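What follows is a set of structures to go through.
What follows is a pair of complexes built around chain A, which joins chain B in one and chain C in the other.
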Partner chain A sequence: MLAGSVLELDHACPDTDIGNLMPVPFTARVASGDCIMIECRRSVQASAFSDFCSGMIPLSAGAVRFMGLDWSELGSRQMDALRGRIGRVALSGYWPEQLGVQISIMMRGLHHTTRSIDDISAEALRLAIRFGLPGLPIDPPYRLDRMDLIRAACVRAFLGSPGLVLIEDFFTAANPVLLPPLLHSIEEIRQHGSAVLWFVSNASSHDDYRLIRNGLWHLSDDGLVTG
Partner chain B sequence: MTGAQIPSPEQGRNISAPPDAPSAGSATLYGNIWLSIRRFLATLGRHTRSLLHFTLVMMGAGWGVVRESCRKDTWRRTVRYEFRRTLSDVAGRGLLSALVTGVLAGIAVVSQAIYWLGLAGMEEMTGSVLVTVVVREITPILVGILMLGRNGMLTFTALGLQTTEGQTRAMIAEGLDPFLLIVVPRTLAYTVASFTLGIFCSVAALLTGYIISRVTGVVSHSLLSFLYDVVTAMTPADYLLIPLKFVVEGFFVGLGCTVGGLTVTPEDTIQTMMPRGFGRGMLFVMAVSVLFSLSF
Partner chain C sequence: MVPYEVVDPFERPEDKRRRRWFQVLLPITTVLLILLSIAGIGWHSWKTTQQGTFELTRRLLDMVQKYVVQDVEEYLGSATIGAYFARDFLAHAAPDALKQDFDDYGSSMLRLVPQLQSFYVAGEDGSFMLIERDPNGDGMEYTTLTVKDGAGIFHHDFYDASGKFLRSEENPSDGYDPRKRSWFHDAMQVNGLTWSAPTLYEATKHLVITSSAAFTGRDGMQRVFAVNTSLDQLSSFLTKLHVSQGSRAVIVDEHGHIIAAPEFDRLEEKSGGDPSRMTLQLFGDKKFVKMYDHYRVNGKGTWHFTAGKDKKGYIGISQPLPQTAGWILLISSPESDFAGFIRRNGRQSLMFAMIVVFLATILAGLLAAQSRKTERARRKITRMTEQDQMESIALQAVASTRDLFDTSSGAFVLTEQLATVAQARRCAVWQFLKKNTVLVCDDIYDSTLDSHSGGSELTVSDCKAFFELVSSGVSAEIVSAAADDRTRGFERLVMREARTSRLLVCPVVGGDGVLGVITIEDSAADHDLESFIGMMAAIVAMRFDHVKEDASTEPGEKQDLLTSGPHHPVRFEDDFLGARNASEIQEAACLYKEVAVMVISFTDPFMESSANPDTVLALINRIACAGQDIARQHDLFSIKLAGHRLICVAGCSGKAEPDAIIRIAEAALAFREACVAVLAEANIEPIFSIGIDFGPAFGGELGKDPTIFNLWGETVTFAELMAQDAADVGTIEVSEPVYMALRDRYLFRSRGAFYTPRSGAGQIYVLVTRR
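Take a look at the complex of A and B:
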């Protein structure tokens, strides 16, 4: 593992039959504080690559390391704990209908840490207000409109200073209302040494944020083009 | 190196055919019959394997729940919250239904049992028959069906839809283990709730039976005397086996519904999930009841 590396793909080749990624070797490195924009055409590919980085896709060769730990060498509890350090902005996230959205937002922090509930809810409230919500939504997810659910997904992803944030929902990055709080949150967690992988459908439409990102990759059926 | 000779398609066909086929036409006929038998056996085997698959999953998951529940780090606040929420839902909201079921069972069974035993001049066996029929046999089945219908089917369907919509995978991506966060607390909550509802249902059935019989004049002795008959009719083993039956039944209803919901395939719809969930749930309820009755 290289020093300061958050995520490392070391000739990692996804299993042929699983996921929407081609079974080609992926080699890349995301350093602490990096913000990498990944251009990919299909949202399912972004989700599959996020799963790949989260150790959810079996490999036929190579290794995927997150925070220096190889996913394939970890037990299930260790993998869960490590995934608790990854924030994901995905519209099709885990929103159980029997729970209020505020519980789903705080679930990861409540499950993986011993932080007090007051502490977690105070941070969640601060992020919720930043992303344009009037407070922490206590309604079940089916009572929230799409925009508010995306805001809630952003709050959940950035809650608890995760080591890596994966913004896999194209709509989030393309929405002018969400961009300022999103950039604010990205800058904030980068200062703490976290990294961000930001998936976009068209990188040229995000040229304004060239200064923020420090890498542009292209994810296609042929694999990942870095640099 | 000489490799093994690769059989041609023709040779392959001959191997499948019976050895003493008299002519080409007969060989084709025998070949077709043989092929049909093989297909039938393959279908039968596939079906048997799929049935066994769920049984094996249940056995493994059951052991997993017992083992995980003994680990201290399992009982995190999220798991405790889910346990409390499910227990409140199943036992708290199901209490009235259990009492009503017990009252109806009391009217239907207890009053009839007391009446017919009185007619046969076997009043002294009232307690023994009531314990055997109502508390040991009927109430566990009624409580099992009640939990399955009120909560189990809802759990099965909700988890099934959650799985087909990809939410279970999203849950894993958050580092939240569905087994730890859903299967363990809900199965244990069903187990505790089954015992609670079973005891309330039994008491309601016995009391209603006594009241009905007293009002109709079939029995004349006091409530305490009636309860004394019931208590003395119970063997020491009954004090262990009756609660154990409630507990095991609740455990399997909870486990079957949660594991069943999480193991649906992407092809499943609500039309395929619900009959399967109900069928399996009923099977667990009846199997536990019959196995306990035969064993003890």
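Take a look at the complex of A and C:
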């Protein structure tokens, strides 16, 4: 493991049969405090790459290490605990319909940590207001507006200062109002040594925010091109 | 491990298992193995010794049995050999000398052999001769059956021990015929010795047995010679027989009747002198009943068995006695008499084993404790390493802050890093001012809310003890600030609002003494923070020194800034419309029960637009004018511009205004329409949002000459929150009370239910249009 490395792809080759990633070897490194923007035209590919980084896609070769730990060498308990350190703004949402959104938001903190519910809800509320929600949404996800769900997803992702935040962002270009709180939160967790992988469909549309990023990668069927 | 994390992903399960194995399972397994080894060795030793002892005991009992058998044979041998001898002797005696030979032989035998009770001879002609001991003396009694006057008479001659004739007696025989006796006809039918069943001998009241043998005399007459042998001597012998301390022996016949046994007198008494009732059951020793039953099933041999309520172990031997009428010798002996030393030895071994186990357990406990101690030390070292890293990162963050000593900015980085390293709820930096009579908060950081505040003051009169504590220059850790006299005032004024209890007080000491204090509330760190806080206190002291330098070296410049800047008249009145009539306004602040509040929030991009400032200003002015017109048109109470927010109020006249919320809603729709139109003209997206709430609020005229009307409370705050956090630009968001009041008149759509700490859960709606 390289010093300060949060995520490391070491010639990691996804299994052919699973995911929307081509079975090509991926090699990259995300250091502590990095904010890497990944240009990716296909949203499903971004989701698959997020899964890949989260150790959810089996590998045919190489290794994916998060915080120095190889996903393939971990037991399920360790993997679950380690995924508790990843925040994710997922395009597909992953909102359990039987739960109130506030439970889904706080679930990671409640499950993986011993923080009190008051503590977690106070932080969630702070983030909710930052992202433009009047409070913590307590309705089931199907009763919430799409934008409010995206806001809630941002709250969920940044809650508890995760070590890595994966933002599958195909919405901020159309909704600039979300950008300021998003940038604020990104900067905040970077100060804590966390890293951010920010998937965008078109990097040029985020040129105004190029100062915040310290890397631009391109994800395509040929693999990952780092620059 | 991240604080509060339940599972540490960096801890491998196999490491945890291995550590648990070495720390706990290995010592326990070792102790168990020791225990098992000791138990196994003890068991094997016990079994071996027991088997050896049993073998030894069996051999001993065999020997005892042989000895007893021999004794019994000897005891009964006198009768047996005597009978055979007498039969042969009398068969060859001259018929005339038969009585004399019988008397001589019988008297000699009775004198020499104590267990012999009597001799008698009966002939097939009905003759009968008897010789026995005189029951009233030491001599002999000779009895002959004679016929006198046609009647049978017993003639008795008595002699003393020296053979001197004493007297003669006669008594009727009462028809006694020896030929009808079993001993006679049994002997006549068998060519050998026959034994009768035990009978009670009337003369001595002792149990006797009769052995008889038939012979033919020289005169050709068949006769039977019989010997009575007393059994009381045999019982006395068995009573005196001591194989071991608790051993007993009995002789029974083949039907289970007791022939001889210890304490035979008692048995005779219990049976009423009836030999047929002298059974093992009557004897009362269940061991012998058991042994007899076992013998009947399994035959002779040695047998280990338990008996009694306490299941005591016994070794039993059953052996048929030769040359008897199927008599059986039964010997029982308690196992403990032979194997007792094994138990004692085993108990002793067990005690030694327990001592060994106890010592082994202590050793295992010490080993486990040592392992745990080592593990704790390892964790402590890991924590210290992490702590060092955390402190290094914190110090780097502090050191890399450019405006650390800039007196015009807050000491945010200091409090944030202190809170992070100390894992504290709140951290604050306080500075002494006015000759250490006032503590001014430079910055207080709340890690839960991630918020900074500052500027509050504590005077010495507020919390004198706390000032004394700080002035002493000594750090103190107070577990319960509310319960400690030194910090009670500080807790009431500062900590209570955050509901913290634990307090760490670290005075900031500079060259001029104590300059201030660092307070850390509810720290969760379990490690030593002294050195880190000391360094931070030193940095804070340097910062305070800078503040002093600024104050001392630049007074003139600051004076210029105060006096030479643009002088604007102070505006107390921010209302566009102001209060309409003084009579309509409450003189003092009061609670308005139903106030409708509308907040219009303009987003930052609009306010910070890069467009020409004059153009933006003109645009804002047009919006403001439109707002004034709309407020007048809908008879609003007040409209106020505060930064990028416009606050409109209705329903504060002091009298009931049921239409206040309707007027506000109408104003909102009108304002949205006007605003969109104005922004559209300037080709700007409608980047504003509106929030409306309806409910109680505090308000009133504040200040003096001029006064200003101000309104505050949850209703105002929530309207403001909704305006800021609207789902989309250009939307009008309303609270649940507004929706309830207006749902008949307007169309709404729900944004969803939201939770806020002060208001709880509530629905948020978007006002779309009129019905």
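The rule we apply is simple: the second predicted complex is superposed on the first by the 222 of 227 C-alpha atoms of A that agree within 3 Å, B and C clash if a C-alpha of one lies under 4 Å from a C-alpha of the other, contacts with A are read in each partner's own complex, and residues count from 1 in each chain.
Everything that follows uses one rule, which is that a residue touches a chain if its C-beta (ideal position, glycine included) is under 8 Å from a C-beta of that chain, and two chains touch if they have at least 3 such contacts.
None of these values were measured; they are calculated from a predicted model.
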| item | value |
| --- | --- |
| Combined model on chain A where chain B meets chain C, clash or fit | fit |
| First (chain B), second (chain C), both or neither touched by A:Ala122 | second |
| Which of chain B and chain C A:Glu97 touches, first, second, both or neither | first |
| Chain B versus chain C as contact partner of A:Leu7, first or second or both or neither | neither |
| Partner chain in contact with A:His112 - chain B first, chain C second, else both or neither | both |
| C-alpha centroid angle, chain C to chain B via chain A, nearest 10° | 50 |
| Which of chain B and chain C A:Asp51 touches, first, second, both or neither | first |
| Touched partner set for A:Val155, first chain B, second chain C, both or neither | neither |
| Which of chain B and chain C A:Leu59 touches, first, second, both or neither | neither |
| First, second, both or neither for A:Gly135, with chain B first and chain C second | second |
| Partner chain in contact with A:Gly84 - chain B first, chain C second, else both or neither | both |
| Chain B versus chain C, judged by how many residues of chain A each one touches | C |
| Lowest C-alpha to C-alpha distance for chain C against chain B (Å) | 9 |
| Chain B and chain C footprints on chain A, overlapping residues | 77, 79-82, 84-85, 111-112 |
| For the chain A and chain C complex, residues of the former touching the latter | 67-69, 74-75, 77-82, 84-85, 102, 111-115, 119, 121-123, 125-126, 128-129, 132-139, 143-145, 147-148, 176-177, 180, 188, 193 |
| List of chain A residues in touch with chain B within their complex | 50-51, 54, 56, 76-77, 79-86, 88, 90, 92-98, 107-108, 110-112, 117 |
| Complex contact set, residues of chain B against chain A | 73, 76-78, 81, 85, 158, 162, 165-167, 169-177, 180-181 |
| Residues of chain C touching chain A in the complex | 2, 4-13, 393, 448-450, 603-605, 687, 718, 721-722, 724-729, 733, 750-757, 759, 761-762, 764 |
